[in-house]
Amino acid sequence: MINFAILGAGRIGQVHARAVAGNEKARLCAVADPIAAASDAVASRYGCDVRTIDEIAASDDVDAVVICTPTDTHADLIEQFVGKGKAVFCEKPIDLDANRVRACLDVVDRESGFLMVGFNRRFDPHFMAVKQAISDGKVGTPELAIITSRDPGAPPLDYINRSGGIFRDMTIHDFDMAMFLMGEMPETVQAISSVLTDPAIEPTGDFDTASVIMRMASGKQVTITNSRRASYGYDQRIEVHGSLGMVSAENQRPTSIEVATAAGFTRPPLHDFFMTRYIDAYANEIDSFITCLVKGKPASPSGQDGLNALLVADAALASVRSGTAVKVAKP
Amino acid sequence: MINFAILGAGRIGQVHARAVAGNEKARLCAVADPIAAASDAVASRYGCDVRTIDEIAASDDVDAVVICTPTDTHADLIEQFVGKGKAVFCEKPIDLDANRVRACLDVVDRESGFLMVGFNRRFDPHFMAVKQAISDGKVGTPELAIITSRDPGAPPLDYINRSGGIFRDMTIHDFDMAMFLMGEMPETVQAISSVLTDPAIEPTGDFDTASVIMRMASGKQVTITNSRRASYGYDQRIEVHGSLGMVSAENQRPTSIEVATAAGFTRPPLHDFFMTRYIDAYANEIDSFITCLVKGKPASPSGQDGLNALLVADAALASVRSGTAVKVAKP
Amino acid sequence: MINFAILGAGRIGQVHARAVAGNEKARLCAVADPIAAASDAVASRYGCDVRTIDEIAASDDVDAVVICTPTDTHADLIEQFVGKGKAVFCEKPIDLDANRVRACLDVVDRESGFLMVGFNRRFDPHFMAVKQAISDGKVGTPELAIITSRDPGAPPLDYINRSGGIFRDMTIHDFDMAMFLMGEMPETVQAISSVLTDPAIEPTGDFDTASVIMRMASGKQVTITNSRRASYGYDQRIEVHGSLGMVSAENQRPTSIEVATAAGFTRPPLHDFFMTRYIDAYANEIDSFITCLVKGKPASPSGQDGLNALLVADAALASVRSGTAVKVAKP
Amino acid sequence: MINFAILGAGRIGQVHARAVAGNEKARLCAVADPIAAASDAVASRYGCDVRTIDEIAASDDVDAVVICTPTDTHADLIEQFVGKGKAVFCEKPIDLDANRVRACLDVVDRESGFLMVGFNRRFDPHFMAVKQAISDGKVGTPELAIITSRDPGAPPLDYINRSGGIFRDMTIHDFDMAMFLMGEMPETVQAISSVLTDPAIEPTGDFDTASVIMRMASGKQVTITNSRRASYGYDQRIEVHGSLGMVSAENQRPTSIEVATAAGFTRPPLHDFFMTRYIDAYANEIDSFITCLVKGKPASPSGQDGLNALLVADAALASVRSGTAVKVAKP
């Protein structure tokens, strides 16, 4: 039984609290949040304590923490908690600056810390099945991946301003997925980006639509398209082509009905929110964290995976600015 | 907060224990089972007491019971617990004998008891969406329903021997669904049945394959096909045709991947077990039980619904024996 | 090269004229129709002669005829043309009266005539693939078939009045398909029928909606549902369950697009007409007729197949009237 | 009635001969091919003359020609036949060299010639439906297109050597489709390419796998992926995202069956050949050529469309070589 504390009781903190509380091998001990209403809600829903972050760091009854605080606190908190010997699960990204991430990972290394980064999609049952099919050789050597990822709608502007931009905030999931599925890092990245869904995004310097092509060292190719808008719901698809064929994962729907009338055959929209779409992924993710911790296996995705995805995102942004293929920096 | 006890900690008892434990508005207080290992497993998994059935009947801290014991105990337990003022959720069927059910429902009536019968499929999100589409008038007046229901494999022979036969054990779910969706009872039932999957079923007098057509009083029609075998997984489909069109619910799959090779496009089999297929339905069912109870709404599906489905099953069996259209007995 | 004449230049006659004209091994020589405009249209479209039926019967340059005249002339024409040594393709049914069909088939037999009956669906590429999968053992021994057949809309009342009723006019295709796929005749038939789509059908004594269950001698089962209305297009589906699994054929659509918006995912309606839905089937049917003729193979579906389907239709109608399972008459 | 001659009786010439012969408004008069066996086969199949190209150019009874000869003869033949006042349908590409194409189009212009270029996919019913949905405003303003195009297998090496490379031979169809659907030309093109399916392609300097991203002047984006290998058949998919949603066209299959067993649900592979996949497109294409000609409407796709697609292909190849975003040359 692993005793958890949740740091940050916002939207994603609540998701993880639910996953921890529902896991047989875990117990939720404490939650911290500067907003009392938020931490109280989690505490009363799952029957755990409200403590400050420093109290949690000092708590003997806490084995592991889940960091769901604002991004700019992640690296500091990771360093603080690995220093206290706590296992750490940190929401992505570790930091928006690659050098800060490198420094943080050095600390984790020095402390022999246990750090897992929250690329939740690796734990989606459907994408796991894609990965498994590849591992089982069902499609031969993977050669080309096509990833489609579209959010139902754009986040608020102040979120966008703090997000590090679409590549570091949104595409980063797809960069990680690409490396996870293809089993290697991209060598070069080319990207184009536009503001198409909302002119209010223009002044932020960010984009709402992006297309990326990446060339792996072996000549394999990956294509990613992103948009901050999908009227029909949360569009999350993957297809991987290999020497023997293709494996793909379809979109998920809340219900599987279809209504056929003179107007045609209509199925309802997709999930409209990442939490309902990836609810199983979040549960599996915490379960995997616990399993790796208990069995002494390395955390995966690791801090290094977090850094790699960030470096690819940085290259994509540089490509947009330069109009050239940009080499991904050495980790 | 409704305090529950589970009577019977077998397979289906565990399903309901899980649903109760995961429900915000419920608390699992106690579990009873003559096999200590079974009740202990539930008790330790969910942190509740082990008590005898009589202790539970006498417990002040129990508001509601979930009856998951063998069928031949259902009617007696319903009578015992409504007599104690407990809300009762009972797995289907109430009894295999319609007259015993009638007598039991009389007791419930006299005691103004709260009794819900476990036709879990009414709470499947996909079938609920079918019902909603009908209620919303999406397909006009419903006219013809086609229900396909195939189990992955036949149950053990001793289960079959105690089951009351395929119509009362398996098709009964489809009979209830038909009435739920079409909004009326069948007037006549015609059925054919065969033993096709396993000759060992022959000596039991039961069947493993059945086709049923039913005519409602209004002229509406329902077709049901059943088999105890579906190599490709648990096949559960519904389509309802109305004056404006059709609404259908597709099968559910554990994962949505597809592998395409020179051999074609292959998707994995369906769920192989009713518990994984209907896991959401069981959770919704308990939630609905609680909601009706708390809001003072009548239980649905009611004891009467349980009796109705049994009467249709009896008519189907009589039709097989007589080779004629059989009128459904008056409730 | 087989020289053809078309008898009857109405809707279905035009379909066959097109199939003949497009076949490399055939030449369309002549067309006959009492309505000059009809025969002229075919003649000028495909560059063939207009002749009377008797002229065609006497023509040395005609090897084969396609009978597309009204049903009540079919048996006489078959007898006339087999008597002249012409190969005969006759649209279903040979006659609405089983005894007249028997007498006609006796004549064909005596003359060693070559007679094929127009159950076009056997030649649909998708249903052929279903049959092939069964023959290849892909689903093991077939055990249960479910056939769904719904017309986009009801035919005119005067057509209904002459049609012999829904079972002999519409379901007869499904009866033939059931025997074709299952490889045996039904032993007993049970049917229910209603008028649900248009009260104007009531006075004709016919129905617009029917459900049928059939039990084959071996215990295999077949379910058929029919309606004269399908707002979403021509609904033609088959699924066959066997000891190893299921094979099914999906509906066909003019285009495969899907539009996804906030209202959901919408595909266009199905084909709205039997001619576009079964255009390939008609071409394959004529091709098969020619191939059997040239290679000296027996015609299939044969006159006997036509009789068998009619006998099942008669049993279905008798079952509606008696409310009992009706044995199919001996061919 | 338009009288046609086919120049070149190879694979694609036979496709067009079939389309012409099957069109009510067309008559196939003559065919030319240096290989007598090839021209004779077409002539006897469709009942037309064999003539030399020069004879056809001098023929009064020929209104239109379909150029299906080797690519390096296209521009000369276009010039010869527009000079003779014949309407010209020319298989893509007009030439592999953009300047030669420009010169040819100047001649066509000077002669007020009627020239249509064979981008057959614009006439595929499914892709036409995509275009129609966009024109009808079903998805709002189009913003991003994703085109997947994979051949069942690589062509012979000598074909590759003469092909002008994957971008000018294969992707050129997708470039045209992108401009057709989005309604504007790309401003910049970025591409990556690899040899992944067969090392024998390496020495030719060509590639078998390519990914392309394009930015239109308005900021719209297009992604294309190509491979010379698709074990599961001819993979041809399009999706277009707009401000209101997405429209997509699925792959086409010879049959729509599915076999479900313990191994899962399997559908057969896709079409394995462009001729069966696009058989309707070729017929529609010739029909559109005739309609435009008869109605005095400009040919579409025009010679200019052919040049535009070639310029995009040239930019893609330049991008592969430079590793930068390459501006598309002015037409």
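All chains are identified by letter, namely A, B, C and D, in their written order; residue positions are counted from 1 within each chain.
Just so it is clear, a residue touches a chain if its C-beta (ideal position, glycine included) is under 8 Å from a C-beta of that chain, and two chains touch if they have at least 3 such contacts.
Quick caveat: nothing in here was measured; it's all calculated off a predicted structure.
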Problem set entry | Chain whose mean Cα position lies farthest from subunit B | D
For this session: Using the touch rule from the top, work out which pair, B-D or A-D, shares more C-beta pairs.
Result: A-D
Exercise. Cα centroid separation between subunit A and subunit D, in whole Å?
Worked result: 41
Problem set entry | Distance from subunit D to subunit B - Cα centre to Cα centre, in angstrom | 57
Seminar exercise, completed: Where subunit D touches two or more other chains at once, the residues are 231-232, 244-246, 260-262, 268
For this session: Show which residues of subunit C lie in contact with subunit A when the two form their complex.
Result: 231-232, 260-269
Exercise. What residues on subunit B touch subunit A, complex-wise?
Worked result: 22, 24, 45, 125-126, 128-130, 133, 138-139, 244-252, 254-262, 268
Seminar exercise, completed: In the complex, subunit B touches subunit C at residues 143-144, 146, 148, 150, 188, 190-192, 194-197, 209-215, 219-223, 225, 227, 229-232, 235, 241, 243-246, 323-325
